[in-house]
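In what comes next, chain A is part of two complexes: it sits with chain B in the first one and with chain C in the second one.
This part shows the complex of A and B:
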């Protein structure tokens, strides 16, 4: 019966392991404000997870080097504890719990993607931990009555509705025929709802409405249907992989469509990866470097773009910019609250009304940013094959005129 | 027998005291309980019956969706709850929450068992690799299908009812921990009881030589189906609790998570030693501790480390930890070893 002894030893070994690994870090240690974040460093969202992390790090370095955060007459520096959520909501929820109850974090930054934010929000809400998130845009995040969730970005249903309205306008106010394909995830499905609303209001007809799997590597079936039915607008949304897959296969299959509207073009570095093939793609973006917003830390979009490129070796997609903005919001709130009391910080966050290089930030009741419109840019290439993203809508910031309809592949 | 009682008492005391002794680890401990349940139930099918299945994730995911749907649907219109961007917020009262969860769990156990019976009837005729590959498809298909069903949230996912405001901040963690611990004990005792009957011998006979078993007059199909139904029953329970614990159900990443949970349950049973009662328990515990450790100390490399662990298991512990122990210390498992006979055998080799 010695086997039982082994089991007993085993159980006690676990007990010891658990008891020795309890490390409690306070939220503010010495002159440091420690924020917690679960980020997708591996898995399907890993590239966007890294954009998010780079954005956070960029802002932490900048704020710290420019004097840190002044609370109650003392100066504090930001520091972030990261964990890898593996792009998995189950893991993300577990990590949030771990950051709060084991690491003692009292202020959180958001993860990448709506699905993961949805998994984390109930946890932060339960503990009353204020979370400023920059990458969870799904509208359903803001209708659950969360009090401690603040998003610096515009909700997902607004991403592409401008594209549909523009298409209708160019069609002489008559409804258009829309083909759409969306990944089965919280964010993309919300973009879809936005299109459905826009279609209803403009009297447009949806002729193809496909759902694409996660880990999106093939959408040839949808494109074959598009070729056959010739819609006026093709809408695709499926994070970075969706954008890459769509452009690759549209070029391969030579699919002609007057308007191609997408999300995540800049995160996917479309113009770099696919060059002229990505030309004319219309992309929804939370931010673009040419927008004229300003702040004291990053000066403006162009400066942010240059600094970020210098530090990380690639141009910042909006996912990075909005992540940096989240830190600016936190800094502002801490200073206005003048305290590290979670409730006071929460109230200060709710009262945020500021401009950052990324845009104006003001939170509605549900926590979404209502003071910053989406922009649409179009990938445009010159004769040398060098491509650039140029803002085409809204007109206030447009740096180029929308090219419509997209020339046929046979004419390119 | 005396030692057994001490052991069980020790585990019970540890289990009851754990959330208070290690309050920060409640979630990890709850997940450990769930993992052990999954490993034990997989072992009924894969270890005792010899039908290696990757399909048990189907019952786990089914249980998760059913439990949450019942919990919501009993009191509020489910379609409005899960509607994308729904503007309405429903709040469960504590009584509604717990009643809903209890009924949900019951449904989450019974329906998967019935489904297992139906599916089992049609596919348990397959054997070996064919069965394994067929069941692999079940989980994948279920994930894709559920991702398209609007009433359970489709691609948007399903937010399970938030825990009502009762007790302290810790109440939620404690509730789910004790739920999973209670179900773990229930599962363990039930499976232990089953293993002491003729039923287990029949399963073993099917594993060792199905044709012979049939020739001896055993209605193998009947037993195979019942075996899988038992497996599904507890898998569904585990899924139901996990859904509430995570708070957000996604079709392919949380519910029908064949790539993680589906593989993990097989791995844990094999690591501990399949075909034993304690093997899956030990396997799941070791696995969970390793995983949590890798996660903390090898950030970004955790899957590489996990991969190395799998390779090591296959090379050095093909029979699992229990199998290895049994080979090393056979007398401790009540096996009588005749030293002279053993030597003679070694020399023969």
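This part shows the complex of A and C:
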């Protein structure tokens, strides 16, 4: 009897909890537009997860304080429900279900990383929930025919494309010899595909093509091969681990290559952790504060950088900037749609054509942003050992001239 | 292209030297595992996580302006107490139980440590710079980072120190006695509880030294412990319990094996090849054992 009572109490408590949450949290409550996001606040992506969340929050505060979103003559404020996906794709998919079917969220913001976005996209697609994401660049996200997925960032295969083309240009238009090492994850392998395409188009040759394991912390073998074969370009992509390990061991093994191109340099705080050893590394970036894009909310990159640093106590990596841009896209789409109908908002998103402080945004059929090229910066250090990232390509935004070839270790 | 190593002879020298230096470091971690496995019959899945925690101690010293090499002294001292505390809280409850229970318990500790480190230190990959420079051999065609040489040297010093300690000191003798026969040792007045705590502490201290060396040589990250656990498990399996020269040899052998696997099969199969070797050795042992039995029949 006693057990029966406990079970009844338990079941009714859960039922009450569910019913209240569904009633209290619909898509638009009063003057609030509630967006949902599953973000990695713990687990291995937690640092970038926090950058993403800070980027979202910064934009929400800014848009709300500057008059909010005007839909159908009424003003609305943004609000976000966050859940921690623990850097786990399965958990992220569960949370997306929960946000949509229990919390009643009708518009979503993306999580951090391609892997987690891949886990969530089928869920948002199933429910027809428009999702603007800012941190999933894997090409495979945009080839599945998703209709409700929009990414403000350039796809992964374009990350280091510029580096290869620049190397070929500096080589008098002749193909170059490329050594590459990529981690075995969706993102890095897409960067690799981009390099393969660029190599094919420019007549370049891949002479080393290593795949790095997830638990990578030693690439001495790859670098010894690079030393022996003397390629024109060395390309490394393996998130922050790859960037840090490569720079440490290139310096220790005194590997001389004319050009070193990488991803995740600013997330790895390369110049802080390695100082002058990281000098001359070329890094792919979605955004840099010196780019001259403008908008009404954050003015430009420099202002965004200053405001973000003031608010959160550290300079914004591109992961934060692109996350802020996602909110600007949503605001613009809501206002153009003039309604909260998911189909209308989706169509408005698809027709987006705007400039933000982060770059131009215009979505292709697959949902990727095709109007914003990647930039390359080079780590440059002064004699005192203070290092700075300076944009060197594309030429339109270059704030410094590319140093090429990299001076030999014996001359440094 | 995969067989570049056979076209450029200097790469073979590089691979062997890199492998040996790396292997000595692995052997130190495996040494700790062999010790507590032999004495307490516990397979410590959290071994690699203790290593990473030791690495963070050296990293924080580096962050506060102390040279990370001092980590090889500070880290084992702190880690000894961490080890003793883990023993008092968890291990002493599973020490006489089934091996499976101890694997589960240390697996739990491993997950807990990963999450706590992630919570406390963040998910960023970090490293400590020693600024030790590089040794060039054979007209600059073979390069050895001095940090790797330093790591191997310190590992050897600690390993020899421990061998002497185990032979000469009272606690060392008590540990060896307990390993041979815990019940008999108890009857003869050895406080086995204390011996177990000290053994686990010594193991954690060795992990602390190795961790400090890894933060100087490679990178550390809260979730990077497992490969170190697997490698030390592998080394102990090959060498057998209580066979210290065997641990050193099999450690170095594994280091060289990994380097060659990297050159020949590709970096992506590096850890995979360690697993494959482990399976092969276990199958071989089983095969040998079954033959022996037949003979006895």
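Criterion: the second predicted complex is superposed on the first by the 386 of 412 C-alpha atoms of A that agree within 3 Å, B and C clash if a C-alpha of one lies under 4 Å from a C-alpha of the other, contacts with A are read in each partner's own complex, and residues count from 1 in each chain.
Throughout what follows, contacts are C-beta pairs under 8 Å (C-beta built on N, C-alpha and C of every residue); 3 or more make two chains touch, one makes a residue touch a chain.
Computed from a predicted model, the values in this text were never measured in an experiment.
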{"item": "Contacts of A:225 with chain B and chain C, given as first, second, both or neither", "value": "second"}
{"item": "Touching partner for A:186 - first (chain B), second (chain C), both, neither", "value": "first"}
{"item": "Touched partner set for A:127, first chain B, second chain C, both or neither", "value": "first"}
{"item": "Which of chain B and chain C A:211 touches, first, second, both or neither", "value": "both"}
{"item": "First, second, both or neither for A:42, with chain B first and chain C second", "value": "both"}
{"item": "Touching partner for A:144 - first (chain B), second (chain C), both, neither", "value": "first"}
{"item": "First (chain B), second (chain C), both or neither touched by A:118", "value": "first"}
{"item": "Touched partner set for A:101, first chain B, second chain C, both or neither", "value": "first"}
{"item": "Partner chain(s) touched by A:384 [first = chain B, second = chain C, both, neither]", "value": "neither"}
{"item": "Overlap of chain C and chain B interfaces on chain A (superposed complexes)", "value": "42, 87, 184, 211, 213"}
{"item": "Of all residues in chain B, those that touch chain A in their complex", "value": "3-4, 7, 10-11, 14, 21-28, 31, 84-89, 144, 147-148, 154-157, 159, 162-163, 169, 172-173, 242, 246-248, 250-254, 257, 260, 278, 282, 285, 289, 295-296, 299-300, 302-303, 325, 329, 332-333"}
{"item": "Contact set on chain A toward chain C in their complex", "value": "42-47, 87, 181, 184, 207-213, 215-222, 224-225, 227-229, 240-241, 244-245, 248-249, 252-254, 268-269, 273-275"}
{"item": "Sites on chain C touched by chain A in the complex", "value": "1, 4, 8, 10-11, 14-15, 18, 22, 115, 118-119, 122-127, 129, 134, 136, 140-141, 143, 145, 147, 214, 218-224, 226-227, 259, 262-263, 266-268, 270-272"}
{"item": "Residue ranges of chain A in contact with chain B within the complex", "value": "1-4, 6-8, 10-11, 14-15, 17-19, 21-22, 24, 41-42, 82-84, 86-90, 93-94, 97-98, 101-102, 115, 118-119, 122-123, 125-127, 138-140, 143-145, 157, 182-186, 188-190, 193, 211, 213-214"}
